[in-house]
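First chain written, first letter: the chains are A, B and C, and each begins at residue 1.
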Amino acid sequence: MIRNLASAAMSSKITGRRIAAILVLGAAILLVPAAAQAQDETAFVLNTFSFLIWGVLVMWMCAGFTMLESGSVRSKNASMICLKNIGLYSIAGIAYYVLGYNLMYVDVSGFIGSFQFFYGPSAAETALIGGDAAQTAAVTENGYSVMSDWFFQMVFVATTASIVSGALAERVRLWSFFAFTAVLTAVIYPVVGAWTWGEGWLYARGFSDFAGSTIVHSTGGWAALAGILVVGPRWGKFQRDGSVKSTPPSNIPAVTLGVFILWMGWFAFNGGSVLELASAGAAVNMSNVIVNTNLAAAAGVLTALLVSRPILGRLDLFAGLNGAIAGLVSITAGPDIGSGGRAMLVGAVGAVICTAGLRFLESRRLDDVVGAVPAHLFAGAWGTMAVCFGGDYDWFVQLTGVAAVGAFAFSVSWLVWKGLDRLMGVRVGRNVEEIGQDATELGLDAYPEFVLMVDPDSGDDYRDED
Amino acid sequence: MIRNLASAAMSSKITGRRIAAILVLGAAILLVPAAAQAQDETAFVLNTFSFLIWGVLVMWMCAGFTMLESGSVRSKNASMICLKNIGLYSIAGIAYYVLGYNLMYVDVSGFIGSFQFFYGPSAAETALIGGDAAQTAAVTENGYSVMSDWFFQMVFVATTASIVSGALAERVRLWSFFAFTAVLTAVIYPVVGAWTWGEGWLYARGFSDFAGSTIVHSTGGWAALAGILVVGPRWGKFQRDGSVKSTPPSNIPAVTLGVFILWMGWFAFNGGSVLELASAGAAVNMSNVIVNTNLAAAAGVLTALLVSRPILGRLDLFAGLNGAIAGLVSITAGPDIGSGGRAMLVGAVGAVICTAGLRFLESRRLDDVVGAVPAHLFAGAWGTMAVCFGGDYDWFVQLTGVAAVGAFAFSVSWLVWKGLDRLMGVRVGRNVEEIGQDATELGLDAYPEFVLMVDPDSGDDYRDED
Amino acid sequence: MIRNLASAAMSSKITGRRIAAILVLGAAILLVPAAAQAQDETAFVLNTFSFLIWGVLVMWMCAGFTMLESGSVRSKNASMICLKNIGLYSIAGIAYYVLGYNLMYVDVSGFIGSFQFFYGPSAAETALIGGDAAQTAAVTENGYSVMSDWFFQMVFVATTASIVSGALAERVRLWSFFAFTAVLTAVIYPVVGAWTWGEGWLYARGFSDFAGSTIVHSTGGWAALAGILVVGPRWGKFQRDGSVKSTPPSNIPAVTLGVFILWMGWFAFNGGSVLELASAGAAVNMSNVIVNTNLAAAAGVLTALLVSRPILGRLDLFAGLNGAIAGLVSITAGPDIGSGGRAMLVGAVGAVICTAGLRFLESRRLDDVVGAVPAHLFAGAWGTMAVCFGGDYDWFVQLTGVAAVGAFAFSVSWLVWKGLDRLMGVRVGRNVEEIGQDATELGLDAYPEFVLMVDPDSGDDYRDED
């Protein structure tokens, strides 16, 4: 419109002394849209940078899971869990690049996106960095660069896969786990994502899950639970007399470091999920999200410490650390809702659920080495429902989402685990389990120079079962 | 003013052929202020993002303190120090949210802010993210989002609390320490902050402390020193014959990792303390601050290594690592002042003071497990005075600030520690100390599978004292 | 030009009713350039912030190297490798400040820059932060703040130095290593940098190395290789009967953490090397670079795991971890080129080269403790040549660069190592090596409370050689 008015002005009869004024006008006319376009470009840059920086910090969460898990398992399996974690991050990145992102976001039909391979920058972007400056407007119109969004989405799928490795530690076979990871990150998670963030059927019904309490964390938790059922508990974990063998973490500082890394990364996980930075509203939202995330985690730690004595019978550091995770998972569905007070409450309830869940799983003789199911699945379901307190969401729709994602993620995961079991076996031999996966499968102890305690119970139990 | 001129133009008699020109003018008039407002919005976004990103990296320093401390204590207390650290960060975050920030920044009367509970986004911000776009100007006028500033301030108070945990490791009771942390972060630190950054009486006199050599680090150091006096040294640390029992760090790579994390986080601690990003001057300032911070730390490491032999009798890695911290603390009061040469000098002197301070404390039979008092209090005082070299500040005012903060922080801390001692006891029993807090209080060894050396001295010493 | 038109308008005879319109024009004229200047300032801020944030994450890579190396060496040398790493980062920072940057970037004559000391902000910058707002245009014209660029360059030189410490671990003398580090970071790396990024003779020929496969990584690798030759293998590593003694990493979780830190830091290493953020093209480029970096590393891990069995005889976690590094080093010369598919291919080939290189070095009886030469030198050379596949670069020029940098870095490093050997000795005594550098040189074991295995082979071998 501005340009048409300008032509009108130009075509009008102009006298000599007005020419200067008109020229000035022309300059202004050219400069003002230029300023507007520059503004669009600045917004594009800010949104892109936000995805990249926060994405890098979410990737860092994989190191957090690795530390948490390598400190939680017994030393004899610590190298293997390191390998599983660096492997799963690699597989997730490639599987999501080759297929997953397309299934999740490209032309989603309601239930699934496009079955096509690979993903890349837009044509306009490629032209722009190839030197065609005229593409700037076409590029900036998207709001952020295509691959910055891809990167941010990819580190989320890696988080889902990380949840599984801890739960099944110490007895799942390496290559079966890797195969499951490929299916999880190429198909299962993307389908759940297509229903929701990909704007499929759950999205259409109004399901809300800000940064993925259900989509990321419960999905990972369901996949882990299916694996726990198919793979079975570690030998000797549950004794015939009903007692549960304690398998204390082998390296508490490593577990603690892992939790701090996850907490740090969660600022990016939730903050970056504003998906925008370049407006006052987005920046305010991001700030509130980050503060609420912190308060939920802090309340989770303190609550878990307080309830660990009544629930677990003692002040329990491991419960406290899991309380941080549970608080973080719980707030993830709605960190943008309401005040810090609400965030603390959501986190505190999540921590109680998680602590009770640790005990519940043991009572069901389900062997979850790091407490991934209570922290990610139970707290994730709670958080997804909790958006109805304080947020304007429908509890039935939220429940539908929780249940549908659960039914899908659990049943497909169960089938995949079962199929893998038939195909290649999902569980290491008893001998491997006894000696540890590090020495038997990797030939590389995690701490080869340190003298370790012999596990006194294991031998007895093994004989019992024979 | 622009809008008035526009009306004047509109109300003037206009001929047909001028209408187009006038319309163009109108468009320009509407767009130009729009561009100015967009500029304000971009500045708001940048300043907010700066607080958030740097704040996340300052939070990460808590992991650094945790690694430093868990590696510095003996293995038998490593789980407990992990718990203290994740607990203190949680407590600090909640205490500062519930009360601390208000005491420090809201309507400061000279000595203290408002005794009111909770804190949250401004009304304009809440309206904006609720959908009222008209609030944009009211929001951006503040320069940054309210909660991004809160977040950045909160991670600072957590740093102060982190300083205390290391100094008192291996013998302070968990819940007494947590209670002290709550008072420190809800009241003591906020009052010091009100005097200075809250623009109270010290601020009015011209006291300058860029990122908190005194406000954050010395305050933490004074609180630690009071605790050291009230809690007393570990059993056996100081022998009757005047000798000092060596208690080497149990995990040097963990200590080193902790120092690298702190160093990294310090770029955020000092760089973010520019409190602004969105102008050329702020960006230049931030760059200079970060470079000076790095040079001071580097000089601190090398100087501490060089002077460790004459002062401590050997090339001392632990002194070198503390030299990094001392260099960082020293430059924190004035990283924006002068050249890199000055920064190196300030850091180097800080490292000498810290190394000598390690020895001085031992000679006074004060038991500071990680050297927190020399690194944070002594180097912090030095750094606060050092702004007079190169910066245009009054040494008497600086000294007043150092002394007033010290008198207040030390005496109130001492009273609180004394009160806690009477109320609940601040020190674990001798049996707990001998066996370790991990096994006795937590029932969770840090490294349960690793065979550890028996501490040969402790037994003898204990018998001596009986 | 705009200002001249304005004067013309002002000087033209103006009637009463036009005065308002002219005033409006004037306002627009003043505001439009103001908006353009604000836009320049925003760009300046964004570019500066990009250097700072990414620079902080590259600095973090030093912690990654430290963890990788301290976990890779035997426990008896773990404290010493921590000291070497924090020392080298300190030395690099100061040496590059005092001299290195000037040799690399200031008035490069083709082969070398200026032999002048120290570096600092521009005069305009100093004036601006001193309060002279009129300097804004002069400052922003540079595109980014002077010291933010310096900071980003400095963390790169530290990376080069980090490569050397790992290769020579467990037997190089501390102060000789520090002396070499000073020469490497003050002179050797800066000269290589002057030829290339400093726009010297290799740059003039069209040599391309985006973030430094050759300039940073191969230079470090050549310096390490020279050191390996002069310092010689650890006692007992290569037996008389041709067998190679296995020296497993002492702490696998630490090595894994180190690799995750490096991977994370590499996003900054390559992403920040776009050297700009504030345009749509730069942001798109940065996104593509970060995604390609991730895919190359992921492909590197999986490929190394797959080829480790045929090449090394077993599934090898250490090879897998080195595969990540090799993939990252390989893509570093051209992360901006082509699709993710190309990136995966480049990373995969790099991982094969690295894995085969591990074996090759052993067959040549070259003792590289962490595999730094295969991962950084071999993969770096491959990556530098690989830009010819997909990128529009001349393979002969690339080869010239690889060879010239190699010839220079290797020969000067060899001379320096030889000179240091004559001057102060570069190798610890056999006794020190047997007992470990920690106990003998530092008096500080890395894990003093943990009971360690006696190394059964070492004794025998030592007697053999006597």
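In this text, contacts are C-beta pairs under 8 Å (C-beta built on N, C-alpha and C of every residue); 3 or more make two chains touch, one makes a residue touch a chain.
Model, not experiment: these values are computed from the prediction.
Interface note: chain A and chain B, two copies of one sequence, contact each other through mostly non-matching residue numbers (shared numbers fall below half of all numbers used).
Between the two copies, chain A and chain C, the Cα superposition rotates by 120°, quoted to the nearest 5. Taking the mean of the C-alpha atoms as each chain's centre, chain A and chain B sit 30 Å apart.
Residue positions of chain C with contacts to 2 or more other chains are 21, 25, 28, 32, 35, 42, 46, 53, 251, 447, 450-451. In the complex of the two chains, the chain C residues touching chain B come out as 17, 20-21, 23-25, 27-28, 31-32, 34-35, 38, 41-42, 44-46, 48-49, 51-53, 55-56, 59-60, 62-63, 66-67, 70-71, 78-79, 82-83, 85-87, 89-91, 93-94, 97, 118-121, 125, 128-129, 133, 136, 139-140, 145-148, 150-151, 154, 174, 251, 254, 438, 441-451.
Partner chain C is touched in their complex by these residues of chain B: 1-2, 5-6, 8-9, 12-13, 21-22, 25, 28-29, 32-33, 35-36, 39, 42, 46, 50, 53, 57, 74-75, 248-253, 255-257, 259-261, 263-264, 267-268, 271, 277-288, 290-291, 294-295, 297-299, 301-302, 305, 314-318, 320-321, 324, 336, 339-341, 344, 447, 450-453.
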